[in-house]
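First chain written, first letter: the chains are A, B, C and D, and each begins at residue 1.
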Amino acid sequence: MKVIVDLCVVPIGVGVSVSKYVAECQKVLQEAGLEHQLHAYGTNIEGDWDDVFAAIKRCHQRVHAIGAPRITTTIKVGTRTDREQSMQDKIASVTKSRP
Amino acid sequence: MKVIVDLCVVPIGVGVSVSKYVAECQKVLQEAGLEHQLHAYGTNIEGDWDDVFAAIKRCHQRVHAIGAPRITTTIKVGTRTDREQSMQDKIASVTKSRP
Amino acid sequence: MKVIVDLCVVPIGVGVSVSKYVAECQKVLQEAGLEHQLHAYGTNIEGDWDDVFAAIKRCHQRVHAIGAPRITTTIKVGTRTDREQSMQDKIASVTKSRP
Amino acid sequence: MKVIVDLCVVPIGVGVSVSKYVAECQKVLQEAGLEHQLHAYGTNIEGDWDDVFAAIKRCHQRVHAIGAPRITTTIKVGTRTDREQSMQDKIASVTKSRP
(Lines give C-alpha, C1' and ligand atoms only; values in the text may rest on other atoms or scores of the structure.)
Protein backbone atom coordinates (compact mmCIF):
# COMPACT_ATOMS: atom_id res chain seq x y z
CA MET A 1 0.00 0.00 0.00
CA LYS A 2 1.48 3.33 -1.08
CA VAL A 3 1.29 6.27 1.31
CA ILE A 4 1.89 9.98 1.31
CA VAL A 5 2.78 11.11 4.81
CA ASP A 6 3.35 14.41 6.55
CA LEU A 7 5.66 13.94 9.54
CA CYS A 8 6.35 16.41 12.35
CA VAL A 9 8.56 15.11 15.17
CA VAL A 10 8.73 17.29 18.31
CA PRO A 11 11.35 16.40 20.95
CA ILE A 12 10.36 17.46 24.48
CA GLY A 13 12.71 18.17 27.34
CA VAL A 14 15.67 19.31 25.23
CA GLY A 15 15.15 23.05 25.38
CA VAL A 16 13.79 25.43 22.84
CA SER A 17 15.90 24.53 19.82
CA VAL A 18 14.81 21.33 18.15
CA SER A 19 16.52 21.58 14.76
CA LYS A 20 19.26 19.06 15.62
CA TYR A 21 16.56 16.43 16.19
CA VAL A 22 14.65 17.28 13.04
CA ALA A 23 17.91 17.08 11.09
CA GLU A 24 18.50 13.61 12.55
CA CYS A 25 15.10 12.54 11.16
CA GLN A 26 16.05 13.90 7.75
CA LYS A 27 19.13 11.69 7.92
CA VAL A 28 17.00 8.66 8.78
CA LEU A 29 14.72 9.32 5.79
CA GLN A 30 17.74 9.77 3.52
CA GLU A 31 19.26 6.49 4.72
CA ALA A 32 15.93 4.77 4.11
CA GLY A 33 16.01 5.94 0.52
CA LEU A 34 12.59 7.50 0.85
CA GLU A 35 11.40 10.38 -1.29
CA HIS A 36 10.92 13.28 1.13
CA GLN A 37 10.56 17.03 1.19
CA LEU A 38 11.15 19.25 4.20
CA HIS A 39 8.78 22.19 4.70
CA ALA A 40 8.41 24.80 7.44
CA TYR A 41 6.22 22.60 9.68
CA GLY A 42 7.14 19.03 8.85
CA THR A 43 8.34 16.71 6.12
CA ASN A 44 6.36 15.11 3.32
CA ILE A 45 7.30 11.49 2.64
CA GLU A 46 6.22 9.14 -0.13
CA GLY A 47 6.67 5.38 -0.24
CA ASP A 48 5.39 1.98 0.73
CA TRP A 49 3.48 1.88 4.03
CA ASP A 50 5.92 -0.49 5.73
CA ASP A 51 9.04 1.38 4.62
CA VAL A 52 7.67 4.76 5.65
CA PHE A 53 6.49 3.62 9.08
CA ALA A 54 9.71 1.68 9.72
CA ALA A 55 11.56 4.95 9.06
CA ILE A 56 9.25 6.89 11.39
CA LYS A 57 9.93 4.35 14.14
CA ARG A 58 13.66 4.76 13.53
CA CYS A 59 13.22 8.53 13.84
CA HIS A 60 11.79 8.05 17.33
CA GLN A 61 14.58 5.62 18.28
CA ARG A 62 17.30 7.95 17.02
CA VAL A 63 15.83 11.12 18.50
CA HIS A 64 15.66 9.36 21.87
CA ALA A 65 19.20 8.03 21.35
CA ILE A 66 20.67 11.49 20.80
CA GLY A 67 19.11 12.84 23.95
CA ALA A 68 15.37 13.53 23.86
CA PRO A 69 13.59 11.87 26.80
CA ARG A 70 10.15 12.51 25.33
CA ILE A 71 8.76 12.91 21.81
CA THR A 72 5.37 13.90 20.48
CA THR A 73 4.89 13.41 16.77
CA THR A 74 2.10 14.36 14.41
CA ILE A 75 1.57 12.25 11.30
CA LYS A 76 -0.89 12.70 8.46
CA VAL A 77 -1.25 9.62 6.27
CA GLY A 78 -3.02 9.45 2.93
CA THR A 79 -3.84 6.28 1.03
CA ARG A 80 -6.06 5.74 -1.99
CA THR A 81 -7.17 2.79 -4.05
CA ASP A 82 -8.79 4.71 -6.89
CA ARG A 83 -5.55 5.82 -8.52
CA GLU A 84 -1.81 6.38 -8.09
CA GLN A 85 -0.86 9.84 -6.89
CA SER A 86 2.56 11.28 -6.05
CA MET A 87 3.37 14.27 -3.85
CA GLN A 88 4.01 16.26 -7.03
CA ASP A 89 0.63 15.22 -8.45
CA LYS A 90 -1.13 16.52 -5.35
CA ILE A 91 0.49 19.93 -5.63
CA ALA A 92 -0.10 20.04 -9.39
CA SER A 93 -3.80 19.23 -9.09
CA VAL A 94 -4.36 22.11 -6.65
CA THR A 95 -2.35 24.50 -8.81
CA LYS A 96 -4.37 23.53 -11.88
CA SER A 97 -7.65 24.05 -9.99
CA ARG A 98 -6.81 27.61 -9.03
CA PRO A 99 -9.63 29.83 -10.16
CA MET B 1 8.93 0.89 22.56
CA LYS B 2 5.62 1.78 24.20
CA VAL B 3 3.42 4.39 22.54
CA ILE B 4 0.34 6.41 23.30
CA VAL B 5 -1.41 7.28 20.07
CA ASP B 6 -4.33 9.44 19.05
CA LEU B 7 -5.87 8.13 15.82
CA CYS B 8 -8.40 9.88 13.57
CA VAL B 9 -9.25 8.06 10.34
CA VAL B 10 -11.24 10.06 7.75
CA PRO B 11 -12.64 8.17 4.75
CA ILE B 12 -13.05 10.35 1.65
CA GLY B 13 -15.45 9.76 -1.19
CA VAL B 14 -18.10 7.94 0.82
CA GLY B 15 -20.44 10.81 1.53
CA VAL B 16 -20.98 12.80 4.66
CA SER B 17 -21.52 10.03 7.18
CA VAL B 18 -18.32 8.33 8.21
CA SER B 19 -19.33 6.54 11.41
CA LYS B 20 -19.51 3.10 9.76
CA TYR B 21 -15.81 3.42 8.88
CA VAL B 22 -14.80 4.66 12.31
CA ALA B 23 -16.72 1.75 13.86
CA GLU B 24 -14.79 -0.65 11.62
CA CYS B 25 -11.54 0.78 13.04
CA GLN B 26 -12.85 0.25 16.57
CA LYS B 27 -13.40 -3.37 15.62
CA VAL B 28 -9.84 -3.66 14.33
CA LEU B 29 -8.46 -2.24 17.58
CA GLN B 30 -10.63 -4.61 19.61
CA GLU B 31 -9.46 -7.62 17.58
CA ALA B 32 -5.87 -6.49 18.10
CA GLY B 33 -6.45 -6.56 21.87
CA LEU B 34 -5.20 -3.00 22.19
CA GLU B 35 -6.24 -0.72 25.03
CA HIS B 36 -8.22 2.06 23.36
CA GLN B 37 -10.69 4.81 24.16
CA LEU B 38 -12.97 6.53 21.65
CA HIS B 39 -13.49 10.28 22.03
CA ALA B 40 -15.37 12.88 19.99
CA TYR B 41 -12.51 13.48 17.53
CA GLY B 42 -10.49 10.28 17.46
CA THR B 43 -9.40 7.29 19.49
CA ASN B 44 -6.59 7.03 22.05
CA ILE B 45 -4.59 3.81 21.83
CA GLU B 46 -1.91 2.42 24.10
CA GLY B 47 0.49 -0.40 23.34
CA ASP B 48 3.73 -1.52 21.78
CA TRP B 49 4.81 0.52 18.73
CA ASP B 50 4.67 -2.43 16.32
CA ASP B 51 1.28 -3.68 17.53
CA VAL B 52 -0.31 -0.23 17.39
CA PHE B 53 1.00 0.61 13.92
CA ALA B 54 0.11 -2.84 12.58
CA ALA B 55 -3.45 -2.14 13.75
CA ILE B 56 -3.48 1.30 12.13
CA LYS B 57 -2.37 -0.27 8.84
CA ARG B 58 -5.19 -2.80 9.18
CA CYS B 59 -7.62 0.07 9.75
CA HIS B 60 -6.63 1.55 6.39
CA GLN B 61 -6.89 -1.85 4.67
CA ARG B 62 -10.32 -2.55 6.15
CA VAL B 63 -11.72 0.95 5.54
CA HIS B 64 -10.66 0.62 1.89
CA ALA B 65 -12.09 -2.90 1.77
CA ILE B 66 -15.55 -1.80 2.93
CA GLY B 67 -15.72 0.91 0.31
CA ALA B 68 -13.63 4.02 0.90
CA PRO B 69 -11.50 4.85 -2.13
CA ARG B 70 -9.45 7.42 -0.25
CA ILE B 71 -8.44 7.90 3.38
CA THR B 72 -6.69 10.71 5.22
CA THR B 73 -5.65 9.91 8.77
CA THR B 74 -4.18 12.04 11.53
CA ILE B 75 -2.02 10.33 14.12
CA LYS B 76 -0.38 11.77 17.21
CA VAL B 77 2.30 9.51 18.71
CA GLY B 78 3.96 9.94 22.08
CA THR B 79 6.98 8.00 23.31
CA ARG B 80 9.18 8.59 26.35
CA THR B 81 12.28 6.99 27.80
CA ASP B 82 12.28 8.79 31.14
CA ARG B 83 9.40 6.83 32.64
CA GLU B 84 6.39 4.63 31.98
CA GLN B 85 3.12 6.50 31.48
CA SER B 86 -0.35 5.18 30.68
CA MET B 87 -3.26 7.05 29.12
CA GLN B 88 -4.84 7.22 32.59
CA ASP B 89 -1.61 8.65 34.06
CA LYS B 90 -1.63 11.46 31.49
CA ILE B 91 -5.17 12.48 32.36
CA ALA B 92 -4.48 12.15 36.10
CA SER B 93 -1.38 14.32 35.98
CA VAL B 94 -3.29 17.15 34.28
CA THR B 95 -6.18 16.83 36.72
CA LYS B 96 -3.80 16.96 39.69
CA SER B 97 -2.10 20.09 38.28
CA ARG B 98 -5.33 22.02 38.08
CA PRO B 99 -4.84 25.27 39.93
CA MET C 1 -20.59 28.66 12.75
CA LYS C 2 -20.48 25.82 15.28
CA VAL C 3 -17.27 23.80 15.64
CA ILE C 4 -16.07 20.67 17.31
CA VAL C 5 -12.36 20.98 18.00
CA ASP C 6 -9.62 18.71 19.28
CA LEU C 7 -6.86 20.75 20.91
CA CYS C 8 -3.39 19.59 21.93
CA VAL C 9 -1.07 22.29 23.25
CA VAL C 10 2.61 21.32 23.64
CA PRO C 11 4.91 23.73 25.49
CA ILE C 12 8.56 23.50 24.38
CA GLY C 13 11.58 24.47 26.43
CA VAL C 14 10.05 23.76 29.84
CA GLY C 15 11.39 20.28 30.42
CA VAL C 16 9.69 16.94 30.20
CA SER C 17 6.64 17.55 32.35
CA VAL C 18 3.98 19.58 30.60
CA SER C 19 0.89 18.90 32.73
CA LYS C 20 1.01 22.30 34.45
CA TYR C 21 0.60 23.97 31.07
CA VAL C 22 -2.17 21.67 29.93
CA ALA C 23 -3.98 22.33 33.22
CA GLU C 24 -3.69 26.06 32.56
CA CYS C 25 -5.45 25.52 29.22
CA GLN C 26 -8.22 23.59 30.98
CA LYS C 27 -8.65 26.63 33.21
CA VAL C 28 -8.89 28.92 30.19
CA LEU C 29 -11.58 26.70 28.63
CA GLN C 30 -13.48 26.61 31.92
CA GLU C 31 -13.36 30.40 32.25
CA ALA C 32 -14.60 30.71 28.68
CA GLY C 33 -17.62 28.61 29.58
CA LEU C 34 -16.92 26.22 26.75
CA GLU C 35 -18.08 22.62 26.76
CA HIS C 36 -14.85 20.56 26.83
CA GLN C 37 -13.62 17.07 27.60
CA LEU C 38 -10.00 16.17 28.40
CA HIS C 39 -8.66 12.90 26.96
CA ALA C 40 -5.26 11.24 27.01
CA TYR C 41 -3.92 13.17 23.99
CA GLY C 42 -5.81 16.45 23.93
CA THR C 43 -9.11 18.10 24.74
CA ASN C 44 -12.35 18.10 22.76
CA ILE C 45 -14.13 21.46 22.68
CA GLU C 46 -17.54 22.42 21.36
CA GLY C 47 -18.83 25.90 20.68
CA ASP C 48 -19.07 28.83 18.33
CA TRP C 49 -16.04 29.27 16.04
CA ASP C 50 -15.10 32.69 17.43
CA ASP C 51 -15.45 31.69 21.09
CA VAL C 52 -13.44 28.51 20.65
CA PHE C 53 -10.59 30.17 18.73
CA ALA C 54 -10.50 33.14 21.13
CA ALA C 55 -10.01 30.60 23.93
CA ILE C 56 -7.26 28.80 22.00
CA LYS C 57 -5.45 32.11 21.53
CA ARG C 58 -5.77 32.76 25.25
CA CYS C 59 -4.28 29.31 25.91
CA HIS C 60 -1.17 30.32 23.94
CA GLN C 61 -0.97 33.68 25.74
CA ARG C 62 -1.32 32.10 29.18
CA VAL C 63 1.05 29.20 28.51
CA HIS C 64 3.67 31.73 27.38
CA ALA C 65 2.87 33.91 30.41
CA ILE C 66 3.51 31.10 32.90
CA GLY C 67 6.87 30.33 31.38
CA ALA C 68 6.89 28.47 28.06
CA PRO C 69 9.06 30.26 25.48
CA ARG C 70 7.76 28.13 22.62
CA ILE C 71 4.51 26.30 21.90
CA THR C 72 3.46 23.91 19.17
CA THR C 73 -0.23 23.11 19.08
CA THR C 74 -2.24 20.66 17.03
CA ILE C 75 -5.88 21.47 16.33
CA LYS C 76 -8.51 19.43 14.51
CA VAL C 77 -11.60 21.45 13.56
CA GLY C 78 -14.87 20.04 12.28
CA THR C 79 -17.73 22.08 10.83
CA ARG C 80 -20.83 20.95 8.98
CA THR C 81 -23.76 22.64 7.33
CA ASP C 82 -25.90 19.56 6.74
CA ARG C 83 -26.97 19.13 10.36
CA GLU C 84 -26.23 19.95 13.99
CA GLN C 85 -23.95 17.51 15.76
CA SER C 86 -22.58 17.55 19.30
CA MET C 87 -19.52 15.77 20.66
CA GLN C 88 -21.86 13.23 22.29
CA ASP C 89 -23.66 12.68 18.97
CA LYS C 90 -20.36 11.84 17.27
CA ILE C 91 -19.47 9.22 19.86
CA ALA C 92 -23.01 7.82 19.84
CA SER C 93 -23.12 7.45 16.07
CA VAL C 94 -19.90 5.40 16.06
CA THR C 95 -21.10 3.25 18.93
CA LYS C 96 -24.40 2.58 17.16
CA SER C 97 -22.54 1.60 13.97
CA ARG C 98 -20.49 -1.07 15.69
CA PRO C 99 -21.00 -4.31 13.82
CA MET D 1 1.38 37.38 18.43
CA LYS D 2 3.09 36.00 15.33
CA VAL D 3 2.29 32.45 14.24
CA ILE D 4 3.54 29.87 11.81
CA VAL D 5 0.71 27.57 10.86
CA ASP D 6 0.33 24.38 8.86
CA LEU D 7 -3.20 24.11 7.46
CA CYS D 8 -4.85 21.07 5.89
CA VAL D 9 -8.53 21.47 4.98
CA VAL D 10 -10.39 18.27 4.04
CA PRO D 11 -13.90 18.63 2.56
CA ILE D 12 -16.14 15.62 3.22
CA GLY D 13 -19.11 14.54 1.17
CA VAL D 14 -17.88 15.92 -2.16
CA GLY D 15 -16.35 12.79 -3.61
CA VAL D 16 -12.76 11.75 -3.96
CA SER D 17 -11.29 14.82 -5.61
CA VAL D 18 -10.76 17.67 -3.22
CA SER D 19 -8.35 19.91 -5.15
CA LYS D 20 -11.02 22.46 -6.09
CA TYR D 21 -11.63 23.11 -2.39
CA VAL D 22 -7.95 23.32 -1.53
CA ALA D 23 -7.49 25.78 -4.40
CA GLU D 24 -10.30 27.90 -2.98
CA CYS D 25 -8.39 28.07 0.31
CA GLN D 26 -5.26 29.17 -1.56
CA LYS D 27 -7.34 31.97 -3.01
CA VAL D 28 -8.54 33.01 0.44
CA LEU D 29 -4.95 33.13 1.73
CA GLN D 30 -3.88 35.15 -1.31
CA GLU D 31 -6.73 37.63 -0.81
CA ALA D 32 -5.74 37.96 2.84
CA GLY D 33 -2.25 38.93 1.78
CA LEU D 34 -0.75 36.21 3.95
CA GLU D 35 2.65 34.67 3.25
CA HIS D 36 1.89 31.02 2.42
CA GLN D 37 3.46 27.98 0.80
CA LEU D 38 1.55 24.97 -0.51
CA HIS D 39 3.11 21.54 0.05
CA ALA D 40 1.94 18.00 -0.68
CA TYR D 41 -0.09 17.65 2.54
CA GLY D 42 -1.11 21.17 3.51
CA THR D 43 -0.11 24.82 3.38
CA ASN D 44 2.31 26.70 5.60
CA ILE D 45 1.14 30.18 6.59
CA GLU D 46 2.94 32.96 8.40
CA GLY D 47 1.41 36.07 9.95
CA ASP D 48 -0.32 37.64 12.89
CA TRP D 49 -2.51 35.25 14.93
CA ASP D 50 -5.75 37.15 14.24
CA ASP D 51 -5.13 37.54 10.51
CA VAL D 52 -4.22 33.88 10.04
CA PHE D 53 -7.17 32.54 12.00
CA ALA D 54 -9.60 34.95 10.33
CA ALA D 55 -8.39 33.53 7.01
CA ILE D 56 -8.80 29.95 8.21
CA LYS D 57 -12.39 30.74 9.23
CA ARG D 58 -12.99 32.22 5.78
CA CYS D 59 -11.60 29.01 4.25
CA HIS D 60 -14.28 27.00 6.08
CA GLN D 61 -16.99 29.47 5.05
CA ARG D 62 -15.95 29.43 1.40
CA VAL D 63 -15.44 25.67 1.19
CA HIS D 64 -18.95 25.21 2.59
CA ALA D 65 -20.26 27.89 0.21
CA ILE D 66 -18.92 26.12 -2.89
CA GLY D 67 -20.54 22.86 -1.90
CA ALA D 68 -18.89 20.91 0.91
CA PRO D 69 -21.44 19.96 3.59
CA ARG D 70 -18.75 18.87 6.03
CA ILE D 71 -15.12 19.82 6.64
CA THR D 72 -12.42 18.40 8.89
CA THR D 73 -9.29 20.50 9.15
CA THR D 74 -5.95 19.87 10.78
CA ILE D 75 -3.95 22.87 11.98
CA LYS D 76 -0.52 23.01 13.55
CA VAL D 77 0.27 26.36 15.21
CA GLY D 78 3.65 27.51 16.44
CA THR D 79 4.29 30.57 18.57
CA ARG D 80 7.43 31.64 20.41
CA THR D 81 8.39 34.50 22.67
CA ASP D 82 12.14 33.86 22.76
CA ARG D 83 12.84 35.15 19.26
CA GLU D 84 11.40 35.96 15.84
CA GLN D 85 11.42 33.09 13.37
CA SER D 86 10.11 32.93 9.81
CA MET D 87 9.13 29.85 7.81
CA GLN D 88 12.41 30.21 5.90
CA ASP D 89 14.38 30.39 9.16
CA LYS D 90 12.86 27.11 10.32
CA ILE D 91 13.88 25.29 7.16
CA ALA D 92 17.34 26.92 7.21
CA SER D 93 18.03 25.93 10.80
CA VAL D 94 17.28 22.26 10.06
CA THR D 95 19.38 22.33 6.90
CA LYS D 96 22.32 23.84 8.80
CA SER D 97 22.04 21.17 11.51
CA ARG D 98 22.33 18.31 9.07
CA PRO D 99 25.17 16.09 10.23
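The criterion applied here is as follows: a contact is a pair of C-beta atoms (placed from the backbone, for glycine too) under 8 Å apart; a residue touches a chain by one contact, two chains touch by 3 or more.
Please read all numbers here as calculations on a predicted model, not as lab measurements.
Enquirer: By the contact definition above, name the pair with the higher C-beta contact count: A-B or B-C.
Expert: B-C
Enquirer: Based on mean C-alpha positions, I'd like to know which chain lies farthest from subunit A.
Expert: With centres defined by C-alpha atoms, farthest from subunit A sits C.
Enquirer: Give, as an integer number of Å, the spacing between the C-alpha centres of subunit B and subunit A.
Expert: So the centre of subunit A lies 19 Å away from the centre of subunit B.
Enquirer: Could you state the distance in Å from the CA-based centre of subunit B to that of subunit C?
Expert: About 18 Å, centre to centre.
Enquirer: Spell out, as numbers or ranges, the residues of subunit B touching 2 or more other chains.
Expert: Touching at least two other chains: 13, 16, 69-70, 72, 74, 76, 78, 80, 82.
Enquirer: Sort out for me which residues of subunit B touch subunit D in the complex.
Expert: Spelled out, the residues of subunit B in touch with subunit D are 10, 12-13, 15-16, 18, 69-70, 72, 74.
Enquirer: Contact residues on subunit B for subunit C in the complex?
Expert: Of all residues in subunit B, those touching subunit C are 4-6, 8, 16-17, 19-20, 22-24, 26-27, 37-42, 44, 46, 74, 76, 78, 80, 82, 87-88, 90-91, 93-99.
Enquirer: Spell out the part of subunit C that touches subunit D in their complex, as residue ranges.
Expert: By the definition above, subunit C touches subunit D via 1, 13, 49-50, 53, 57, 60-61, 64, 69-82.
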